[in-house]
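Letters A, B, C, D, E and F mark the chains as written, and numbering starts fresh at 1 in each.
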Amino acid sequence: MLNKNGNIQTFLGCDATYEDAKIVVFGAPYDGTTSNRPGTRFGPPVVRADSSGLETYSPYQNADLEDVQIYDAGELELPFGRPEPALDMIEAATSQILLDGKIPLMIGGEHLVTLGAVRAAAKKHPNLHIIHLDAHTDLREDYLGEKLSHATVLRRCHDILGDGRIYQFGIRSGTREEFEWAAKGHVHLQKFNLDWLTEVVKSLGDAPVYFTLDLDVLDPSAFPGTGTPEAGGVSFMDLLCAIVQLKQLNVVGCDVVELAPSFDASGASTATACKVIRELMLAIS
Amino acid sequence: MLNKNGNIQTFLGCDATYEDAKIVVFGAPYDGTTSNRPGTRFGPPVVRADSSGLETYSPYQNADLEDVQIYDAGELELPFGRPEPALDMIEAATSQILLDGKIPLMIGGEHLVTLGAVRAAAKKHPNLHIIHLDAHTDLREDYLGEKLSHATVLRRCHDILGDGRIYQFGIRSGTREEFEWAAKGHVHLQKFNLDWLTEVVKSLGDAPVYFTLDLDVLDPSAFPGTGTPEAGGVSFMDLLCAIVQLKQLNVVGCDVVELAPSFDASGASTATACKVIRELMLAIS
Amino acid sequence: MLNKNGNIQTFLGCDATYEDAKIVVFGAPYDGTTSNRPGTRFGPPVVRADSSGLETYSPYQNADLEDVQIYDAGELELPFGRPEPALDMIEAATSQILLDGKIPLMIGGEHLVTLGAVRAAAKKHPNLHIIHLDAHTDLREDYLGEKLSHATVLRRCHDILGDGRIYQFGIRSGTREEFEWAAKGHVHLQKFNLDWLTEVVKSLGDAPVYFTLDLDVLDPSAFPGTGTPEAGGVSFMDLLCAIVQLKQLNVVGCDVVELAPSFDASGASTATACKVIRELMLAIS
Amino acid sequence: MLNKNGNIQTFLGCDATYEDAKIVVFGAPYDGTTSNRPGTRFGPPVVRADSSGLETYSPYQNADLEDVQIYDAGELELPFGRPEPALDMIEAATSQILLDGKIPLMIGGEHLVTLGAVRAAAKKHPNLHIIHLDAHTDLREDYLGEKLSHATVLRRCHDILGDGRIYQFGIRSGTREEFEWAAKGHVHLQKFNLDWLTEVVKSLGDAPVYFTLDLDVLDPSAFPGTGTPEAGGVSFMDLLCAIVQLKQLNVVGCDVVELAPSFDASGASTATACKVIRELMLAIS
Amino acid sequence: MLNKNGNIQTFLGCDATYEDAKIVVFGAPYDGTTSNRPGTRFGPPVVRADSSGLETYSPYQNADLEDVQIYDAGELELPFGRPEPALDMIEAATSQILLDGKIPLMIGGEHLVTLGAVRAAAKKHPNLHIIHLDAHTDLREDYLGEKLSHATVLRRCHDILGDGRIYQFGIRSGTREEFEWAAKGHVHLQKFNLDWLTEVVKSLGDAPVYFTLDLDVLDPSAFPGTGTPEAGGVSFMDLLCAIVQLKQLNVVGCDVVELAPSFDASGASTATACKVIRELMLAIS
Amino acid sequence: MLNKNGNIQTFLGCDATYEDAKIVVFGAPYDGTTSNRPGTRFGPPVVRADSSGLETYSPYQNADLEDVQIYDAGELELPFGRPEPALDMIEAATSQILLDGKIPLMIGGEHLVTLGAVRAAAKKHPNLHIIHLDAHTDLREDYLGEKLSHATVLRRCHDILGDGRIYQFGIRSGTREEFEWAAKGHVHLQKFNLDWLTEVVKSLGDAPVYFTLDLDVLDPSAFPGTGTPEAGGVSFMDLLCAIVQLKQLNVVGCDVVELAPSFDASGASTATACKVIRELMLAIS
């Protein structure tokens, strides 16, 4: 009854060894460039702890986490302040997981962490595409002079992937310049909803896809616990349908970012993040 | 102006005497088996106090609490820890109300309290049926070895009523085993929504019905103030439509459970619970 | 870099001078007659501070606050307790703005503040109409003997404007008497939703319109941060559609009231209020 | 077990009838002139509900509430906004209690409520003295032009009692003018602490005393749950010693004001208020 | 950088193996008999997570956790509701640690968990004494008929140890009967403070001592984050001095109980609990 | 009544022009290197807004802010993430104020912001000394490899000033190495309290002094609203006495840092920070 072998903590049902795992979960608790309200650094441990309130079984997908081999590596120990060292550490961890033939599932942290993972994924998969669900464009060239920022992260991904490889959904906030830049064909941007995803999924075939989910794509009614809530978003059921469609894709890596537990007084946003991660795990496994 | 006759506190508009009342409201502030976040013990007094912010008139049903005779008995004084004494006290109170020819409306507390009331109702009405709105199946045979738990309460009701007498709606969380057990016909379980209720209402005719409402059937956007919020639930308007349909049934007892005020920072969940209770009172009167 | 000219604080993008401005924003931080939970007095400064988290560009209207001349006058210094002095100060400020040929946009505060602004607007525009979005009727003749109250404010407006000039939408709470009084044709009252607005907009032509938005017309899921949350309201997208339709009207004044930041633990309600105000500014400019 | 005689709620141990009672407790839930953060209107019911977490026995005074006859009349139903009607109702209730030969113990509410009770007490006891514990002077002649305000309440009491009958303790905030006015001998004002109370108690002999306790006299470390916390206050033990000394006085009425539960996230301020009230009840009985 | 060996989480600096450890920390997340506000079940994991904000070095004791061999076993998985199974599991875990020649340091949970550990310690050390710091007597014979309760736990310990072996400090709440029972010599009870501890420490010599610390012995100003805050307690520095004196004793087991993170909005109580545990570890090592 | 000249917001009583001012207040809302809980970036605006709840008069110093010429420059617009640009902007602003012969009073933000101001002050005053009140040593050579950090800021100041010019008070947390480094005479470090300050003040004569106040020097009971609360600190009255002693010194610059409003649920910490700043303004004027 007394545990003598170390107090191992994992996300719900992620009890495989690293070697056996098909999916490797890790946290990227960085929020150094957050311009509004910080606190996403606390997302990963809170999600892990809260996941025990969930069932391993999904009645939506009729599937169970107990049937999937997942390893939870805990949080990366990222330094504070300047972003480069954190991004390098994230890239290194993601590369290792990819090298070992597993799928990385990163839990943020702010959205900038995606850049580290995309760097690694693009190295292994030159033909990488990105599916991006978010309230915000994140396409600025720089933000207050800073090239590495949550507000520029998809632009930096575009620097790597080039035109036409990024698909954005649910977008409802950005500068006029960002929307105009997107409209020139640099990225595919669908405003307000996720409707066009079905078509995109069909067109992508078995191309390698990195899926990045900024949880603020959800309406603040469904997900208030984030630093920059933006009204007019999608419902949980919309998001769930999107995630289930990922089954048809070749997802080589993914992340779920921007939960800020400090703004989740009821705990409902954290519980929702856990459920989203469960469904994502089941969809990509 | 100075009240010299004792400081009587009641739910909005429930100012009938016990003798005159058609409906008797009482609180069951027990949360001893809550496995996640406790606090539903504070539900009944908070609902009572907050109800004064509501109007007695319902524009939905064009009816007014002032036209209904309801008595509020306050909270039962339930002991802490082990569940049996609490359930016995709830059963005794419910039996008394039923014996006096009135309809009990219990405010929880955790969902286990329903078992005490159902025991009493099933004794008086051997042909009792249950309509159960919830996010969770609550059909486990036991939970960590415990037979009496919020997670087993409908299974215990099934022990009493037998197959085919329990109708579950809105269910979106449970173990695979629970869903499979339900699918064998032990209970009628509708996943995710309340759509099938209209049909069930028709089929039940004037059979005696106990209505148990776990407020977490609502989506967390509409009702974050509960211990185990579960995304993907029904809207307030869906629930309201369901409640209005109860008018066509022979409801012999009912309860509203699982409000946890500690997780309701805005007060919106408590206000919603009050409104739900008002509509329920008007529907069954 | 160091600002030597005074620390000027404005709502996002409202950097015009008073003279150049077409729209003048001011706060009316009064909540003296609030019967339930007070705190709307803190609405205006919190909205101003939080607006910096928003973009100036609206992808809904494809318009930008940077292209509109708006002046932010800060808060009126209203006294506490009795309502008359506060209403007089609001009326005076509104009259001045109207006299100078600008559109006043008042941020509340409780709903009673609307009366001060309507008095001023009705003096300048004898043919004034009111479009009123709210969860509550606000049509009582008096409240606990008090004629000036958040619960009577539209009745007081009716005293000024007379029958048939007030259009209410989204109403879902009130006494039976209020609904009956409205049904006699004193005001146009649409229960529950905003559907009928399109028709009303057409019928009003270029008549002068005062638009008053009680944010609790939104469902508590979308807007919990208010003193009296009332389930069953409209969604943010419903409200947004309503606001965009104001473009077709001759809006001579407007207000946004009843944000209570104390009940907005996540900040999502405040952010939503900011977004609503941005869209309203763009629609009436 | 089921209570059929109405749901009577009282402060801990206050179960005497009005007729038998020596002390009568009532709430004055008014906060209409609060200039900073409102919310003391919720003080009385929250104190009553929370008092059940306390013991009836005081190890400090070796006395038990069960040995004292106290009646709890609940809250007065005070109107919102303008202060006069509320003060009149408070005066009437206090007069009645005094007329019936009992000691009133009023729970606020903001400090202005004291004026209503003092009016009544001064009528019955022309030689009334006031002992006033507070962080703030409350001696303004008017506040933003308003004569009736929490910031003027002791000045209004002085209007009734005249020079030298008011003893203030713990004061650490006010305008320069207020301190200067006090120093002219209009009132006895001790800054910062309660040390001088022992001497005052001796000098007062059996003169009739009204005791008014603004809980913000406590340091915010001991009592953060108030609208205007003011650092540098007294400790709970200092206050307790002061209260126990009241035993030697002829206390004809008293109040405890300015608990604002909204700012008491931990509940410790509310619990402290309950304990203070228990000790006060035992001291004056 | 990527951790491939399991995500091991420990209290600050507790990185020894079980075999090498002199002290074994474990959590007892049980709060089933809490009569007031539950939530201490969340104490152990929150303490562990928050401890990383602390330094391992104590300037008070000039000692460092890095120089002590401590193993953190994580939480026991205790069932909900009835107390017996939880107490049995705690007793078994404590017995094992004692059998292996190590000192158990248990983190609660409510105070009842102490009984499980004391049972184990008393079996190994028939001459066991208890030093008990608390705001509450915890000496009831039963509580609402329940023998096993946070309110009876020291009485149950007395059942095991007999008269004169329990030393209570800081006590300021209880029934008159409890204080009278203690005064008969059954236990040594010091009211209000810890002053007498120095003398007791001297008198105990090298007798085996179990040290149980209910954190509510601290004044609510220093420790608001507990279910039943009780004003008039000791300061952090008082408690620290008491803990340092434990160095002179033969402490064979200890616990720190009653942190309830839900009532610790600022996090200061949790941080204080962590610091107390660090100092306790250093004192008994 | 309607303000047509821009909505100027200042700290209480700071209504001088820049030219006339003797003291210049500005905010430094940077928290990029915070390792524990971020949020001090919100300190300056919250302090400014809350200061209106304070009086301008200090009964402690018998002085009034209305008699002092102070200008409030609002917040510097500091970029996010990497610290160098923020420090450069702070240094530039401070240099300007010093050049103009005024005293800078900076409101943080995290403690690292002090470095920018000290750089400027040391350039103008080569003989600069620092008086530093804090719970933490802040003397690390680097923190996770980062030289610029809240945990290294005083070490960086020592790089500039050299041995023996920094006086630290109230310190109760740090690594063993930091305490040992200090003990070698690099800085003067007093553990736990402020007692030695009187002597230091005498010895400093009219040497130029920079005063930096980390508000976490206060005990968490007096000041919970900070990112890393550390029990065992000084009381508000201790701090007040220290501040009043600054009157005898030649203070050429100062700052007040580490208020984190997110952890100040009651508002008492913010109110205390405002009062501390008022007393500091009066002491150095």
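Assume a residue touches a chain if its C-beta (ideal position, glycine included) is under 8 Å from a C-beta of that chain, and two chains touch if they have at least 3 such contacts.
On a predicted model such as this, the values are computed, not experimentally measured, just so you know.
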Neighbouring chains shared between subunit D and subunit E, ordered by label: B, F
Subunit C and subunit F, separation of their C-alpha mean positions in angstrom: 41
Inter-centroid spacing, subunit E versus subunit C (mean Cα positions, whole Å): 55
Contacts with two or more other chains, residues of subunit A listed in rising order: 37, 219, 221-222, 265-266
Chain-level touch network, classified as line, ring, star, complete or other: other
Chain pairs that touch, as defined at the top of this document: A-B, A-C, A-E, A-F, B-C, B-D, B-E, C-D, C-F, D-E, D-F, E-F
Contact set on subunit B toward subunit C in their complex: 53-57, 59-60, 64, 219, 221-222, 236-237, 240, 265-268, 271-272, 275-276
Residues of subunit F defined as touching subunit E within the complex: 36-37, 171-176, 179, 191-192, 219-222, 224-225, 228-232, 263-266, 269
Contact set on subunit D toward subunit B in their complex: 1-10, 18, 24, 26, 45, 48-49, 71-76, 89, 92-93, 96-97
Complex contacts: residues of subunit F adjacent to subunit A: 31-35, 37-39, 41, 79-83, 85, 143-146, 148-149, 262
